[in-house]
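Both complexes below contain chain A, partnered by chain B and then by chain C.
Our next item is the complex of A and B:
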């Protein structure tokens, strides 16, 4: 084995003697690579405090903490991640999972500090030497820990739907719902924003667990109208969904609908069964069977109260039934939610108008508390010349008649004034009727708000256009031209801005830019007001009102200045279904608090 | 004192200690023939914390009992309480110097059970990191081997070379030691611009050093004198003791997972299994040195074949919610020390039911080492351990 070569060979590397000895490079003078995973940076204004970084950190190195300078608001918890460098392993999974892309790791990796407390810090808030470092690890563009694209829902195409009132959206299949539910990161930003604070991540998780019954139970804790809300909710939750910052928000509304759709009405009693509620003999009257009235009734029954609803119209649902067209919300789905609420022992009397068929003071005498949730059913008029013509209608009144299957005028050419969802509802409903009657659609909807600023949901505008309605926004109505007692059309001028510098409603116009929309019939849809004439003057006087004459209530209990009178629904906030559901629930608790005092 | 009295071993080392009828060694400490010596848990000849309780008779080991448990880790148990994705920062710590095999095996287990695909480029990048890991692993090992018998300078050259590879790791993955680069569906980041050229420069420098290391260390009378014929692994033990990797190949076994069960992109690479016959410390050392040189060639091949375009990772479902249907899988890869295996059992939940890590160190570093220590000279214990190339953290997974 040992040869002379083996003795001499080692000496042949003598040249190494002349080299500077190097083992590893001096870390103090060596910059980290461009994508080095060094110390944390957080763009504090971009971060929304969703806490997804905290959830993924396997070392529990992140705690979400309050920061004095950041207030919580819709879409922002107000918390920010605090990192503990006694635990962090610089894996950067927190960076990869960050929903907004605010979190990064700089390429700085040396830091000496004598105070151990400094090693727990809030990146972006607590100043650190590497705050301005430009290089470091950011999540690569083409890699995601969760899909950013939403699962689209099968729906009727314009040519299939433009002549009928059949529901447009077909609902998710099991597989689609699973894929969509899987995208949720369970941050709960949605729950905080939802007026009813529904347990959204929880019911979405129930879908992932293929347990829709559990999902239904979770929904009923805060919302007894899941079929309805699963279709037409204004989904504030989706607007703030943390995934919406870099991709599509979770389809929370459709997932809610999916759960409710999966459980047949006949199974509700079984699925939602609860331990028997202790009944009491206190009686509550609810005026109006809209979302707020129904929600209050349901939760009051859960608390054991004897509840009776007085409804002016023939069926329950309020605006949900008499405002929203069937292609968005089929009546049988309303019935499904309503039936379950009524099955809980809620007494309801239809076709009774309080103030006419029964007096308000009688209610006060007969019941321990009264909840007013009559909504906004009185259409407002633009009061421009010509609005007194018989072919000028209020959208809300036409929608009600359509629901009731009453005959309405459907002219060949129609103009709708208004840019909100109700305007879209009547435009699309009349378009369908025109299509059926004349084989073509000639309807124009016009609003003060310019394109892109209309209050209606974007999908409503898009779908209306797909159905051949013309949406021509950005005009102020001036006059309905009438010749020989027949409407000729609507004269409009360009609207420059709807609000003034202080943000108040105060439209400004360019009178020189005029347009004329030909029509035989005009529909006004510029908003609705409440009709509270049924509250007798002696009570009305005792109610505290704000500067605009609206009744003031306690924001937590919805109790008015008359202790036995609670007011909610669209009269107080919204207008939309979910606010009604939420304040109906709160009023139920408020009434319970009042009666158990 | 005569020589015979001073060395009572009588030339035949296998005679002591005598084996009792129950099969255990008859070591009577009160006879003053034996002393106990703890080798470790902190000892420069050990990569990581582990102790060998030696019983010496003179300068000769008559019994060696391995003691692990100094690292208090329990990775396998910890993994059962973390979501699948959360285990990536954990698995890379099971074999500290070679995180990538852990990442690869664990990710592949998940992919096997969920059907997640890995795009072509992602697979090439995985193969690249696996070979880079081998290169730096062997370089570190040379440092250990040389250091164990006093060739500190060689160890420093080797570690300098390893640092060059770590520079490339840092550039590619963002981390020098813990790369956390391989994730379900591919790898986390694309290859940076100009990486190949920088790597080539490093490889040339390493080749230069390897020439010197060969002259100074492998063609060295002292090293040969110390290692040839010492630490012999009988080929007959290979199956009984689960010996794999260079330890088995140096005993003549032509077995390399990369060839026998090709995975990643190995089927598209041109290389042969290295084997040798003499199965002693020198043979194993030299075989690793040869494999190291082959690695350099493999890295070049991989970078030549690396696709310019294409995704490095596929689209995956939400990793925060990943549930794996009930099932089990075993994934193996060839690390510097042989077959590295992950056995994963899923129960349909978001957490692994069981992950079993089969690292070569377990067999080499415990059962085999205890067998080989007997009758070894105390001065050779460190180099014997290093020649088996074990990582204590991997034993305590």
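Our next item is the complex of A and C:
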């Protein structure tokens, strides 16, 4: 039973009815301290939508949402964090983990609104009074939630490698791989940029779980050449890695190699075993056993097709074997990947040249579909005076002969024309052979492109110089000087620019600035073209081509305008291994689509 | 000044660790059975008559809780922290409520948030802030905050999120 007071006291509040409310918006209008953790600020152009802030948030206060004004592109998901301040506890772990450093907390902590839904917004997109506040919390410099530096890989030093073709990079140890894998924040930004869209965060996670077999299975879903790609992939993924914004990108390529290296060839069948594939009697001919042809063969076998590869040379691998030197990609590692693909029931015939040993129209008659992936094996010439001399070579031919252990000319002084990776490959190969033969290296590689603009990977240029090759870029070749039928050297003039104002290849020169590179032998390495002479004219005529004469294909299926003919590999895009792997896989799916219509 | 107190204490107690933070703050680690006696002495003999706070840290991996009593001497303007490491299993500690009545409130909080028992402490089992808590005390590190929040709280309607890799596939290469 209540007392009289209990009954009467509610009425006493009526005396307050005309008074000013006690609760007011911001009584003192006092600023937060300098490093107070208030509402978020996000530099929208710096943020890449990696979602690491969402992942670390213990309160699930952050959602990654699409923003109309931001498109997804390489290195930027197009998503931005939306914060639910009903859940945020202002711990600032999101700021500490932010891969780009775009996220901060302002020192503004008071904001009054009557609608609870207004406390859920996208910092930086939804404009707020504290967007330009200068004070607040930023990640302190003295600590990181993950190491910014990658684990370096043990490798042969220049004096250990400059006279041999032994592989330079030694691979990660278990411990090193674990440390490097642990740096990955698993954002998955890399996957879109990888031409094969490999499950990169997933296989890196497998390393963290010490389950390399699972890692291998994940890799084979999108790439049946992991030993090879783990060594020489152009690793576009690493250029967009979220960790690259403040530190070193994850060493994705070396981690891929680590997984493949851990699983011995003899265990592949067990590790990658899958439920038996339903076989069909449809036959596919593949021309060329390079990355694209091998990839297509592997995935076509997964779909139950009967596959036969026709290979002109005596071993499989294409440019991976006959272009890339052994010190970057040892032959036994190529064999490991190739053998597993062939073990899946792929028929391969070596030393058979389509157009000569078997006609293209016979293939059309005998097979339900044909996949052409013959690559770019025809070296282009500068056509400057003197290129018809017998001691002027094409890089690609020399590299092929080196692989085949054929005798090649190794002169005491050599000039290489070209600044791409193939030019570096032949320069470094010949430098090794010079060192062996003469005890010293006298080789100059020169390119139109100036220092810093050469198309070769920077590490190739650096390593070539470490091996005492001279890289002297920024010159246009004019003439190979010949005296008494002997090469004296290469005359060059300064190249001012490779491209014109419209961005077309149209080099300009300063003819007054000349130089002369002494040489007994010249190697041209200015690019390669496709040799599609084996495609009989009656078929060639029916193929749609672009203004440069390249065969047009459907970008998803790699089907040409002849429905049974699919084209891929370096002929269509790249040139590099991973594009070949990707488009070989797509062509396999395209062929499957075509034959199941 | 603090050195004299430490050497005095060392005559009577085994100090497991002495950590000097600054000239006016030192942390002493004392075993469970003697810590409250040492605090008693610090209060009545050495002038640390102001009890500042009592708190705990969960060293899950080591199977220990660390209790820290902060005491202040208003005359010398110095602080002494007394640290005690107790077993996490069947966690209990000698009560110090007889020295300062407010200690009982801290002990009540630690009982509720960490599940540390202080036998004899007044109103120890009265709810502190949680009102009817069951299961793992929430400040223990093996308490799953996220699972608790998901099961206990109403979820805001209309929230959706996107995985960056999946979203990029939808936007950039949906048909591959």
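Please note the rule applied: the second predicted complex is superposed on the first by the 565 of 597 C-alpha atoms of A that agree within 3 Å, B and C clash if a C-alpha of one lies under 4 Å from a C-alpha of the other, contacts with A are read in each partner's own complex, and residues count from 1 in each chain.
Going forward, contacts are C-beta pairs under 8 Å (C-beta built on N, C-alpha and C of every residue); 3 or more make two chains touch, one makes a residue touch a chain.
Small disclaimer: the values here were computed from a predicted structure and weren't measured.
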| item | value |
| --- | --- |
| Contacts of A:189 with chain B and chain C, given as first, second, both or neither | second |
| First (chain B), second (chain C), both or neither touched by A:264 | neither |
| Chain B versus chain C as contact partner of A:59, first or second or both or neither | both |
| Chain A residues touched by each partner, larger count belonging to chain B or chain C | B |
| Which of chain B and chain C A:439 touches, first, second, both or neither | neither |
| Which of chain B and chain C A:586 touches, first, second, both or neither | second |
| First, second, both or neither for A:12, with chain B first and chain C second | first |
| Shared contact residues on chain A - chain B and chain C | 58-59 |
| Chain C to chain A touching residues, read off their complex | 145-146, 149, 156, 159-169, 171-173, 175-176 |
| Of chain B, residues touching chain A in the complex | 82, 85-90, 153, 156-157, 159-160, 163, 167, 170-171, 173-175, 178, 180, 186, 188-190, 192, 212, 215-217, 219-221, 224-225, 228, 311-313, 315-321, 323 |
| Chain C-touching residues of chain A, taken from the complex the two chains share | 49-51, 54, 58-60, 62-66, 71-73, 77-79, 84, 86, 120, 187-189, 191-192, 197, 201, 556, 586 |
| Complex interface listing, chain A residues touching chain B | 1-3, 5-7, 9-10, 12-13, 16, 21-25, 32-37, 52, 55-56, 58-59, 89-93, 96-97, 105, 137, 140, 142-147, 179, 182-186, 208 |
